[in-house]
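Down below are the structures I want you to see.
In the two complexes below, subunit A is the common chain; its partner is subunit B in one and subunit C in the other.
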Partner chain A sequence: MIRFLKDALVRSIAPALALGAAALLGLLIVAVVGHNPFAVVRNLLSAATQAHGLRDDIAYVLLYATPLIFTGLSVAVAFRAGLFNIGGMGQIMVGSILCGWAGWKLAALPAILAIPACIALAALGGALWGAIAGALKAWRGSHEVIITIMLNFCAIAVTDSLANGTWKAKEGMTPQLPAIGQSARLPRLGARAADAPPPEAGDPPLMGIGLFPKHVQVNASLFLALLAAAGMHVFLFRTVRGYELRAVGHNPEAARAAGISVKRVTITAMAISGALAGLAATDLVMGTKYNYRQDDAMSYARAAFIGIAVSLMGQNHPGGIILAALLFGAMERMGLLLNDVPKDIVLILQAAVILFVICGNELFSRMLARKAATT
Partner chain B sequence: MNLAIEMIGIEKRFPRVVANSGASLTVAEGEIHALVGENGAGKSTLMKILYGMYAPDAGTVRVMGKEMKSFSPATSIAAGIGMVHQHFMLVPTLTVAENVVLGMEPRLGPWFDTAQAEHEVAEMSTRFGLAVEPRAKVETLPVGVQQRVEILKVLARGAKVLILDEPTAVLTPGEIEELYATLAKLKAEGRTVVLITHKLKEVKAASDRLTVLRRGATAGTAVTADVTEEKIAEMMVGRAVLMKVEKKSAKPADVVLSLKGLQAPGVGPVTFDVRAGEIVGIAGVEGNGQSELLECLSGLRAAKAGSVSLGGIDLSRAAPAGWFKAGLAIIPEDRQKRGLVGEFTVAENLVLGRHREVKFVKRGFVRAGARDAEAATLVKKFDVRPADASVEAQSLSGGNQQKAIVARELSRQPRLLIAAHPTRGVDIGAIEFIHKAIVSERDRGAAVLLVSSELSEVLALADRVLVMFGGQIAGELKASEATEKKVGVLMAGVRA
Partner chain C sequence: MSHPAEIIAGTLSLAVPYVLASLAGVVSERSGVVNIALEGIMLVGAFVATAVTFACEPVGAEGVRSAANAGFYAPWIGLAAGVAAGALMGLLHGVVCIKVRANQIISGVALNILAMGVTQFACTLVFNSSSNSAVVAPMPRWGIRPFAFTPIAWLAFLLVPAVWFFLYRTVAGLRLRAVGEHPAAADSLGVRPNRTRFKALAFSGALAGLGGAALSVEVSQFVQNMTAGRGYIALAAMIAGKWNPLGAAAACLFFAASERAQIAFQDRINPQLAQSLPYLLTILVLAGFVGRARAPEALGKPYEASR
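The block that comes next holds the complex of A and B.
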């Protein structure tokens, strides 16, 4: 346990320093573009604590962090197997449309069946899309980066034709599926205020956790994300398959020589990675929008790319990924609160964090290597 | 007698380790001095100080009587020190002459003066008796000649003292003889040679005097002619070492491994058998198809023609998992690449390949307790240091990594043990241990195939010797008739 804590502490040194450096850089840029950095920070802090209050901020940060946990885990599990999955976008879209389809078609089922079915289809869609890349890599030797990028475009085309065609909702011109049934909706975390009017039929379901305001869309998929993180930790570090996956990631030659099927591990890892990305659909379709809509899905699926940064910052470790996702969620919230400087500053800040983390990790691991080499 | 090098009371500390402490080395001008010691005894650090790559924390260094004040390769080269590295630093696509003058090219106006460079190199080549063709491209030359080019390169920079780091590691027995002759010529020309090595035979054959390092300190120095190999080994290890492998005569039983006309890119056709209870040694200069053969014999390379079976099971098309199931254990050629996952702990590595055995798995989960217990036993039995299986494998020294691999593979209780260079980079004390372990596997009834570029190792262990040349078996000798000379001839490609 002490060893674990020490390890966690050592691992968080580099990201923490990188964060500090990025913040300094951000303030510097604010100063360069002609604002008083201290005033900006003061305004930001007062904006964060006034208006809707800190409760809102926390709820929003968790809302933004939810897809980032899924996509961060997705990228990380592939990384652990030595693969770079940048096809999270396509995997989310395929997962989402299947999830939306299931929620729509299974509207008659009770929640206890509808919800697991929708979750399963979200995961299955992503897993399928990931496994295609894994299989092409394993059997044909195609590079997974190229394949996953191409599959992103394929996913857009496939979902677009479905949302415009066979599965399209009757009313309107928008490419989208009909709404999912009430029973397939994931409840929001928030509670109804005591003085609020009585609930109406179309209102979103609530979990009733007093800490959260009901108007923020943060929902039960957050718990699914946390569960996925825990599950991934157990899988990677406690199971035989996880052991084989890590062996392939660290040294595929040695893994092959030890009788591990690198091909099978490659396909499995990409399928798991895709499934985790696909699970983000539970937030989008089941917890937020209550249907599949092409333009929503397209913009939401960009979380996959931030997931790469989250995984990097979290050092491919489930616990680290949760923390990193919260950090990126907080940055996003910050962007909405800033009103006296260009919001692009948040993008710069995100980029700076990523750059500093990469450099910091590299420097730090070299330092550790040098220390190890002289013992 | 003038002293070429005096290193007195050298101390060099790194953050968590003392590389040298109380190390001294005195080398007389014009002598060939062997610097011997086990891996990690501090030989390289001491020589890196002399070559200016490290500054010592304490102690004095004098070259030709002049004390070194600052340490950098430039100052050392200026003082007349030259180093021939174990891994050659040559540009393969350039000619010999171009390589030798690299960095100090003769010029004709703005152009490179090829004629002058070739002339200079030819002249040096005759003067030192280092036969090379200045216009030959380095990539076309055999390894032994490339080494001569390295030596010429150092001499061209005016080196009076040459440090040779493990120079025989890549050479055939014939080339080794030529190297000894070269060293003698250098000596006759008044140059001083420091020979870093851990091979005792080499020390006896080539050096005038020797200095032994043990755990960073000088353990002794002697005139080579006055000490036996046993005595030198004892000085290196600090206790008496059994130099010869003790083994009873083999009792070969049924055929376990059988190759029939096996052919794959880079090897074959090869036909031979290995029986239970015997050690078959494959000798040969590296790069003559041994690596390819080893890959065929573990499922890593598919056979193009012919067949191979283990215990009667045909494995010509099998993947590694099939080989292990049939009873293979293999100490791989390249431990970094194939033997270990560096980022895994020693315990995780000690079950690599055995990790699906029933005792290590419970419903898909790793039985960490059983694994760690097994690891602790193996670490203790095979004396892997540090005796802590929870450290990363890459933090272990090369010799201890090798011991961990040997421990893992022998713990499989194999029908067939393939040992590729089982003692490469391993200390004398551990070599003795690994050799004993291999012999006891044979006595237990395993078939053993030993592949080694270390001829003495093959001769010491094998009951039968096969020699590989150009991807094929160039000849077979019984242990009783396999002499270094006979095997050496076959290794050089002369058909038996």
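The block that comes next holds the complex of A and C.
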């Protein structure tokens, strides 16, 4: 236990320093564009804590963190196998459109069948898109980074032709699928206020947890994300397959010599990584939007790219990823509460965090190596 | 159906940003540094070129700045600033992945996110809108219609053979390729790999910045995320062109032609299918089904100097 805590502490030094550096950078930018940084922080804090503010804030942070947990885990499982999955966007899109299709077609089924079917298709779509890159890497030696970027563009083309074509909803001009059935919708966590009007037929289902306000869309996919993190921890650190995956990531040559099939591990790692990205659809399609919308491509891209930051910040560890996703969710919430400076400062700070973490990790490990060499 | 000359001119003008960015990719990757940041560098180049042009527009008699009474020099200063901003982004990439020796791909991704944040943040400050800038003073067009291109386009056409000549016929180009293939061997001959890579990244950044400026100068305006993945497609063109400036430019022309065909045959072929052609081609090239592409030997590997 002590060793675990010490290990966690050492791992969190670089992310903590990176966070501090990014915060300083943020204050510096605010000052450079002509605002008093302290006044901006004070305004932010008062906006965050006004009436019901804090309760809403917590719910919103959890809402924004949910897809980031999935994409963070997705990037991390590939990193652990020595692969860089930059194709989260395409994997989310393919997973989402299949999930939306299932929810629409299976509207007649009861929730106990419809929800698992939609979740399975979301994972399957992502896994398929990830496995293509894994297979090309394993069999043809093609670099997974460029392949996954190209697969992102292919995913846009494929989903666009479906959402504009055979699967297009009749209502509305924008390319989107019809709404998923009531039975396929994940319940929101919130409870109805005591003085609220009685629920109507189209209202989203609620779980009735009193802590959460009804109007925030945070939903049951959060539990699925936490479950996925727990599952990944067990897989990576308690199973033979997980051990093999990490072995390939550490040293593919040694893994091969030890009789591990590097090709099989590469393909499965990319498939698992894609499945985790695809599962983000449970939040985006089943929990918040209730249908697949082509116009959401930019938010899919953002969830995928911020997932890289979450994975780095969480040091590729499921527990760390949950914390990092909450942190990035809080940054998104902060952006919406900012009034004094453009909200895009959040993107700048998120990029800065990535740069600081990779530099910090590198310099820190070099420092440790130097220390080990001198003693 | 438009006149064939117009189709050729249209294809050439669409190809310009791709050509410049893929040359940027060739220069960087030949020196051994992966440059996924092309996308972000282009975006910054596009924004800075527009914003500086706007800042340099003279104030009219009625006290308002407008494109109509702009001095002819404003877009040129903007262009120079866009190129310089690109070079600076390239150097930042260099600090992270040459000096600190952090992962080059992650650094590139971070720079792309940074570029998106910085351009939207600054666009809101300067133009009061994160989605687009004001229309600024236009660049002149040189040539006879329909072959009347911006000076950037003519420069791009000249840069293709120039970069090829630089890489394969000059000493500096040989050194650049040497540090990308075998930095230790180059080092033993007195070529400093990391210094050479820094110079290559500055050059690469300048080219990508120019490519971004080509986009915004074409419409005399900056639009949010106006690169729309062109930096990534340029990387694909670079691979399809086997890390050779001439091959990369040819691939860019092919990609631009397929983009032009989409516009021409909108109602006759499935636009989504035509749209994904360049990406499928790149996947086939990378998978070795269409010719075998060989990346520079030391690509992506940081070099630790022994002195």
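One rule holds in what follows: the second predicted complex is superposed on the first by the 366 of 375 C-alpha atoms of A that agree within 3 Å, B and C clash if a C-alpha of one lies under 4 Å from a C-alpha of the other, contacts with A are read in each partner's own complex, and residues count from 1 in each chain.
Criterion: a contact is a pair of C-beta atoms (placed from the backbone, for glycine too) under 8 Å apart; a residue touches a chain by one contact, two chains touch by 3 or more.
Remember, predicted model here, so these are calculated numbers, not experimental data.
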Task = State whether A:257 touches subunit B only (first), subunit C only (second), both chains, or neither.
result = first
Query = Is A:305 contacted by the first partner subunit B, the second partner subunit C, both or neither?
reply = second
Request  = With the two complexes superposed on chain A, say which partner A:43 touches: subunit B (first), subunit C (second), both, or neither.
outcome  = neither
Query = After lining up the shared chain so the two structures overlap, which partner does A:157 touch, if you call subunit B first and subunit C second: first, second, both or neither?
reply = second
Task = Considering only touches as defined above, state whether A:217 meets subunit B (first), subunit C (second), both or neither.
result = neither
Query = So, A:12: does it touch subunit B (first), subunit C (second), both, or neither?
reply = neither
Ask   = Does the superposition put A:182 against subunit B (first), subunit C (second), both, or neither?
value = neither
Key: Winner by number of subunit A residues touched, once subunit B and subunit C are compared   = C
Key: Doubly contacted residues of subunit A, that is, touched by subunit B and again by subunit C   = none
Ask   = Quick one: in the complex, what on subunit A touches subunit C?
value = 29, 33, 84, 86, 136, 140-143, 145-147, 149-151, 153-154, 156-158, 160-161, 164, 298, 305-306, 308-309, 312, 341-342, 344-352, 354-355, 358-359, 361-363
Inquiry  = List the residues on subunit B that touch subunit A in their complex, please.
reply    = 14-17, 298, 300, 319-321, 323-324, 330, 332, 337-344, 348, 352-353, 355-356, 360-361, 364-366, 368, 392, 394-395
Ask   = What part of subunit C is in contact with subunit A in the complex they form?
value = 34, 36, 96, 100-103, 105-107, 109-114, 116-118, 120-121, 124-125, 130, 225, 229, 232-233, 235-236, 239, 270, 272-273, 275-276, 279-280, 282-283, 286-289, 295
Inquiry  = So in the complex, the part of subunit A that touches subunit B is made up of which residues?
reply    = 238-241, 243-244, 246-247, 250-251, 253-261, 371-372, 374-375
